[in-house]
Structures are given as structure tokens and as C-alpha cells.
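Once you scroll down, you'll see the structures, which are given as C-alpha cells.
Shared chain: chain A. Partners: chain B in the first complex, chain C in the second.
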Partner chain A sequence: MSCTVRIPSPLRSYTAGAGTVAGAGGTVAEVLSDLERRFSGIRFRMVDEQNRIRPHIRLYVGTSEVKALSEPVGSGATVHVICALSGG
Partner chain B sequence: MASSLWIGTRKGAFTLRPDARRRGWKLSGPQFLGHIVHHIVQDPREPRVLLMAAKTGHLGPTVYRSGDRGRTWREATQPPAFRKAAEGEEARAVQRVFWLTPGHSSERGTWYAGTSPAGLFRSQDGGERWQPVAGFNDHPMRPKWAALGTPDGQFLHSIGLDPRDPRHLYIGISVGGVFESVDGGADWTPLNEGCAADFLPDPNAPYGHDPHCVALHPGAPDRLYQQNHCGIYRLDRPGRRWERIGRAMPKKVGDIGFPFVLHPTDPDTAWVLPMDGQTVWPRTSIQGKPAVYRTGDGGRSWRRLDRGLPRSHAWLTVLRQAMCTDERAMRVGVYFGTTGGEVWAGANAGERWRCIARHLPEIYSVTHAV
Partner chain C sequence: MALSAAELARYHRHLALPEWGAAGQERLRNARALVVGAGGLGSPAALYLAAAGVGTLGLLDCDRVELSNLQRQVLFATADVGRPKVEAARERLLALNPEIAVRAHALTLRADNVLETLRDYDLVLDGTDRLATRYLVNDACVLLGKPLVSAAIHRFEGHAMTYLPGRGPCYRCLFPEAEEGAVASCAEAGVLGVLPGVLGAIQATEAIKILAGIGEPLLGRLAIYDALELRLLELPVSRRADCAVCGGNPTITAPQDAAQACDEAALRAINRLSAAALRELLGSEGRETTLVLIDVREPREFDTRHLQGACNIPLAQLERRLGELAGGAMPVFLCRSGRRSLAACALAARAGVASPAHLEGGLLAWAAEIDPDFEVAAG
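After this line comes the complex of A and B, so read on.
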């Protein structure tokens, strides 16, 4: 299944500057694995070695926040990667 | 070859290069603007190679590698990461790569990294792919050794290698202690006897101590020094009992601080930068009057070096990786960076100080490269 992934600016060094890339996969985990195959290193900056979404990263499928990487991604959906950081 | 200082800051990496007489310094950078840079270390076996421990506020930790003296950098393909936890096990994740140490001279391409939470990692391909050192990370005693920590996490730092034996290693863990391995990291034993730990319920505990910086002299590897949360120490192996050489510091100054810096060739000469460890631990220069102290006799006596440093109202904090020497055996230069973004150079072994950069971001590390 194909989807669209919105890449925030801190991760665009991996996507040659692209803010939107095509994704593939039926779950969030599969979409992230697909991204990793094409943009080596990007997944570990978002997800730790225990498969937990990092504290300052939020993932959304459409307008629903992702709580588990096993959540489904429908065909044509947009996956948003959002960076959440406060302070200077 | 001209030397340079690499400055790791909370907002990126900078370099300072001196002119031929070391009077003028040229600042370059930033590289990796906005990245949190904990440590930048040159490979003495292959001086074109540098490694950088970094992350950003948003993203997970990683390591960058340069093969051209820092002109260009490439990210590790497999940064330090704990193994996947089994069911019911503590699920640890590296929050930051904090410390980098090149491996033994006979093991080209080998590097060690220390992380928060306390973890030890090894690369055998020049920093490209990192593996956990299971002998420490999965040691049955590790949960106790690194039990206390702080909300900011425990830090594994001060990875020291015996130049005579690549299997002989030392590490320091903040609120954990000093540990030694004689089998290449397969097993570890605490090495904290004689160190004060007056914050612990049992001040005589074998571990739980708080080394801030441990240094092993490469020319005399049986000599270890330590700037601890509770004083300055020396240990001469095969002895196991640290001696508090900070007792020789002036009482009004005390022996609290973060860095401990060795002379490149003389194991009896070293520098510390005392900070205020009273009451609520301000961790600033004592009474707002910064000074470096140097010993030339292995810590039996210390000499104050403050010529050129501010005389008053200078509340500097200098972190454990933010002080170094260059590698000139004669008239060695000493350098430190402050959390307020200043870099100071002490010519002639710290006899005269001069600010060589200011207005930088919070400085985490100052390292020398040739």
C-alpha cells in the first residue's frame, strides 16, 4: 500500500531536502522500514532500539496520533512526522 | 602540521586554529548548527579521522565520522544502541552518546563509546557500526553498579586503555564508580577503594561513587588520576586504594570540579579547575574568581594559575570534557571552554591566560587535534 510521508526539517538531511516523500507499507512499522531502506539512518533518529517512538517525535496517520507502530496505514493516507521540542 | 581545537557545544561544532606564534586564533564553523555535540575526538592512529558524538533536541543520538580532518562528515550506519530487551527485561535506549575513546594502537579502527544511560559500545570499523559491549552492558551487577544515576541519566565516560595491553580497560560511571576490565571488557570489577562517597547511605560501599573524570597517563599507565564529586585522587597500580591528593589544595578552594587534564608526557604534571561544591553545589568558579591549579609532583602540591583570568565576578562552569592540553611537551598549552561560551588558552602550561573565543553556545567539550 502506498502513502505519503511528511518529513519535518530536522530529518530532511536524510531525504535530500524533500519535505514530502512517497511511502509504502500497511502499518506504521512497515512505512518506517521502507523509509529506512531508502534513507538509511532515518528510522533510528525517530524510533529507539526498543521500538519506542522517541520522546520528541510524534507520528500521525491522517489526523490520528500513532500510539503503536503496529497501527495500520491505509492506502493513500498521509503519515506526518512531527518534532516536538520546547525551550531554547 | 598545524594543530586545532575542536569545540563541541549544545548548538554545534566549532574549530579554533592558531597562527604560527599562537597569538591569534581563527574561529571556524559552526558545523552541524543546532546539533548537541558532546565530544569530538581525533584518531591518533589515523589523524585524518575524527569522530563526533551528537544528537539534536528532537532526534535520537548518533555518531558522525570524518576521514578528512573534519571537512566533511558521514553518519555511522549503525550508531550505538542497546540490544532489544527480552520480555520483562529493562528496555534501555541510548539517550546520548557522551564519550568517545580511540581503541588501542594495535587495533586500527577500534573505538569505544560511552553513553547515557550508562552503556559501553565498541566499533571495529572506524566508527561505522557499533556493537554493545555485553560484558559490561549485560553484567549481572550492572543494574546495581548504575542504580542511582540522576534524572538526566547516568553517564559512562572516561574510557581508558592501557597502552601495554588492549584487553586492559577502565571506565567511569557518574554515580556508579570506576571499573576495570582485564579481559577486553568481558568482565568488570569496581575500583573505588579510598574514594569518598559521602552522599551514599553507606559511604564505604564498593561502588556508587561519582567520578567526574578519570585519566590514565599513556606514558605511565600504572598512574591514574581522578576528579571525583568528592575530591581529587591518584591511584598507582597495582594498588587498589585511591589517595586523595586534593587534600593538598587550599582549604578555601577545595577539590571539587569536573575536568582532570594530563600533561602529554610528564605523568606528575596535571591540571584541574576547581568549582564550588558547597551547600547546593553552584559548580561555578570559587567566589567568582576562576583559577586553574597545576601539580608538578603527582598531586603532592598544587599551584594557582590565574594570571589573565578575570579577577572577580566571573562565575564560570567548565564541564568534564571541556579542558585539554595540546601535545607540545615543552611549553604545553592548556585550554578550557565554559558553559557561557568562552574559550580560554593558557600559554606555557597555564602560566598566562587569554580568552580566544567568546559568544559561543554552551561548551560541552574542548579537544585538541594535530
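After this line comes the complex of A and C, so read on.
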């Protein structure tokens, strides 16, 4: 299944500056793995070694916050990756 | 006290709003708001709060105006370069509106002064550029029951959210924790100059609404602004039952400095070198300890001038490049002021690097104490 992934500003160095990229997978975990295949290193910025979403990252499918990587991603959905920003 | 003739004239366009009226303007005149950080966000926020007639406006910042600030920090003029920010800002705000009082706080917020500093205000706007200060201000606002209007920026993206204690999530509910260094600062990553103008104006809007008692606050909703695509996205944020400061069983019951909040074992492992101590180490012939100098500034800063033999690993890349550190050598992290190098040290120590060191006071200290010709690029 295909989806759209919104990339936050601090992670756009992995996507050559793209703010929106296509994703594939039926779950959040699969979508992140798909991103990792194309943008090496990006997954580790969002998820730690224990597969926990990092505390300065939030993931949404549509407007629903993702609590577990096993949550489904419907075809055509938008996955939002939100990263804490520090600038003032 | 009723509005004076001068105030009636000054605030006429507010008074013409049926939702506002004299009562709204008087509420604003009696209000006290504190702007933490007189930077890109604090500049437009403070200007609009002053123009709107917030009776007492506090500004908190310990920095001086730098030339590189003027691309976005619209409170300041070229002639202000080198002056304390809060002093220059106070003059500018009083020139805009002499009807208000402006308090200048030229200090760094810490656990031991944050409660007394915030206590006198009705509302706080957070526009700081340090994650540790964001958490400190959030925690203090929760503990004091103060409304907090927060915003943050990075390159072309900005976030804004309002926290009303007891009525919705706090900043720790949004992001339970974030390490300094996990997120690049504007000095490292750059920022579109007009971006904080949009986010700072949103902060001022929220503050004015809350203080005047009108509208619906940006509560439990994170506003995400993308300047490149001119999108404003809104995502829901819920209160976390396990939030460390506003949850059911809080573990933070008093403000904590970042050092306290970090892994203390990791911090104990850090060697803090003065500029003189580093020079001595570098000059020791046949020294037993091999040093490797790692400059964690951005390449632009590194290229301006760096210590001989230093390699460049920007802080944002350090976590994934830790493997490049030679085993057996003592890494000495360097940056402009010592802030990023301390974060690098903590990151390295937590990753198991033995005895990382950093130059306290950064290359600015090196230039001041060792080599006056050493040019340190602006952050």
C-alpha cells in the first residue's frame, strides 16, 4: 500500500530537502523500513534500538497519533513525522 | 482606572472591535507578560505585545546583539550591535509605547531562579533557543500554574502551541524529553529570517487573546507552519497521564537544571578543560594520553578558523559518526561557546566513550585567553 510521508525540517537532510516523500507499507513499521531503504539512517533518527519512538519525535497517521509501530497505515494515508525544534 | 485620552486614541482600533471594548483593553493594561528569549521569536512577539498595550512586559535574555541577529531579530538596529539585548529592546519598546512598563531581565534561567522570575507574571512566552530552557520554563509554568505560549523554529518550519495548566497538555506531554544536540539549532542549521516573524506573531496573538479573555486558545493542538509550501497544519496533542511534570504521579516537583535532568553518571565522566589546560595538554611532548580534537561546529564556522589538527563532525551528525572516534584516544570536543561541545560530551559518554573532554567556554575562551588572533565565526 502506498502513502505520503511528511518529513520534518530537521530530517530533510536525509531526503535531499524533500518535505514530502512517497512511502510504502501496511503498518507504520513497514513504512519506516521502506524509508530507511531509500534514505539510509533516517529511521534511527525516529526510532531507537528498542523500536521505541524517540521522545522528541511524534508520528501521526492522518491526525491520529501513533503509539505503536504496528499500527496500520491505510492506502493513501498521510504519515506525519514531527520533530521537536529548538530554534528561537 | 479608566483609559486616558491618549490611550483611547492609541488603542482606537482595538476599542472598535465589539469583542474587545474598553474592558478588554483595561485587562491588557493590567496584565504582565514575560518574553523568554529576545531573539527571532521574542522580537516580533514583544513588539506586538507592547503595541497592543500589555501593561507590564518582561524581557529575559543574557546575550548581546550580534550582527548575525539582525537578519530576523527586528527589535534591534545596526547601532545596537554589542549592546545587551534586553537594554536595547527596552528602549525600542518604550519608544513604541511609553504607556507600558518594560522590565529587563539580563540573566540565564536556572532551577534556582526560574520560579521567582516567572512568579510575578500572568503569562509566559517561550522563544528561547535552548531545549533545556524550554523544559525549565515549561516545568516552572506547570508548577506555578501559569499559561505558557511556546514556539520554536528550524530552517523553514515552525511550531506553536499554548499550554494552560490544568486544562490541557504541557510541553513535556508533547515531547517528553529531548537531548541538546538531538535537534540542530538555528545557528547550526540556518533559518529563514521572516519565519520567526510569523511564529512570534502567533505567540503574541495567543498571549493577547488569553490576557484579554477572548477567543479560543491553541490548546491541545500543535500548529506546524511550513514556510516553503506555506502550509499551516494542526495536529491534536493529548495530555499524558504519565507526564513527568503534569501527570498523575509527577517525578518533577521542583525545577531541575539540565545537568540534573541528564544522566549524572555520564556527566561525571566528562573532563572539563580550561583553555590553559588544553594548551598544556596539546603542548606536552610524549604525552601518555593521545588527544583527538573534534570540532562540533558547522562546516561554515569550522572553515573560518579551527585549531590545528581538529576534525569537523557537526553536533547533529555526531550520534551516527561516533564510530569514527579512534579507540584509545581521548576525544576533546570543541565549539564556539562550550554549549554544543558539552552536549557532544554527554552524548559520547552515554554511548560509552571513555572520558570525553570538552573545552569550557569554547573557542571564544581560547581566543580570549590563549590566542587573541584566533577568529571565531559567529554562531
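One rule holds for everything that comes next: the second predicted complex is superposed on the first by the 84 of 88 C-alpha atoms of A that agree within 3 Å, B and C clash if a C-alpha of one lies under 4 Å from a C-alpha of the other, contacts with A are read in each partner's own complex, and residues count from 1 in each chain.
As a convention for this text, a residue touches a chain if its C-beta (ideal position, glycine included) is under 8 Å from a C-beta of that chain, and two chains touch if they have at least 3 such contacts.
Not measured: the values here are computed from a predicted model.
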{"item": "First (chain B), second (chain C), both or neither touched by A:84", "value": "both"}
{"item": "Contacts of A:68 with chain B and chain C, given as first, second, both or neither", "value": "neither"}
{"item": "First (chain B), second (chain C), both or neither touched by A:58", "value": "second"}
{"item": "Chain B versus chain C as contact partner of A:22, first or second or both or neither", "value": "neither"}
{"item": "Touching partner for A:10 - first (chain B), second (chain C), both, neither", "value": "both"}
{"item": "First, second, both or neither for A:41, with chain B first and chain C second", "value": "both"}
{"item": "Chain A positions touched by chain B in one structure and by chain C in the second", "value": "8, 10, 41, 44, 54, 56, 83-85, 87"}
{"item": "Chain A residues touching chain B - in the complex, by the definition given at the top", "value": "8, 10-11, 40-41, 44-52, 54, 56-57, 83-85, 87"}
{"item": "Chain C-facing residues of chain A, complex", "value": "6, 8-10, 12, 19, 41, 44, 54-56, 58, 60, 63, 65, 80, 82-88"}
{"item": "Interface residues, chain C side, partner chain A - complex", "value": "37, 39-42, 126-131, 134, 151-159, 174-180, 182-186, 189, 191, 196, 222, 224, 226, 228-229, 233, 235-238, 316, 320"}
{"item": "Residues of chain B defined as touching chain A within the complex", "value": "56-60, 62, 75-77, 79, 81-85, 91-94"}
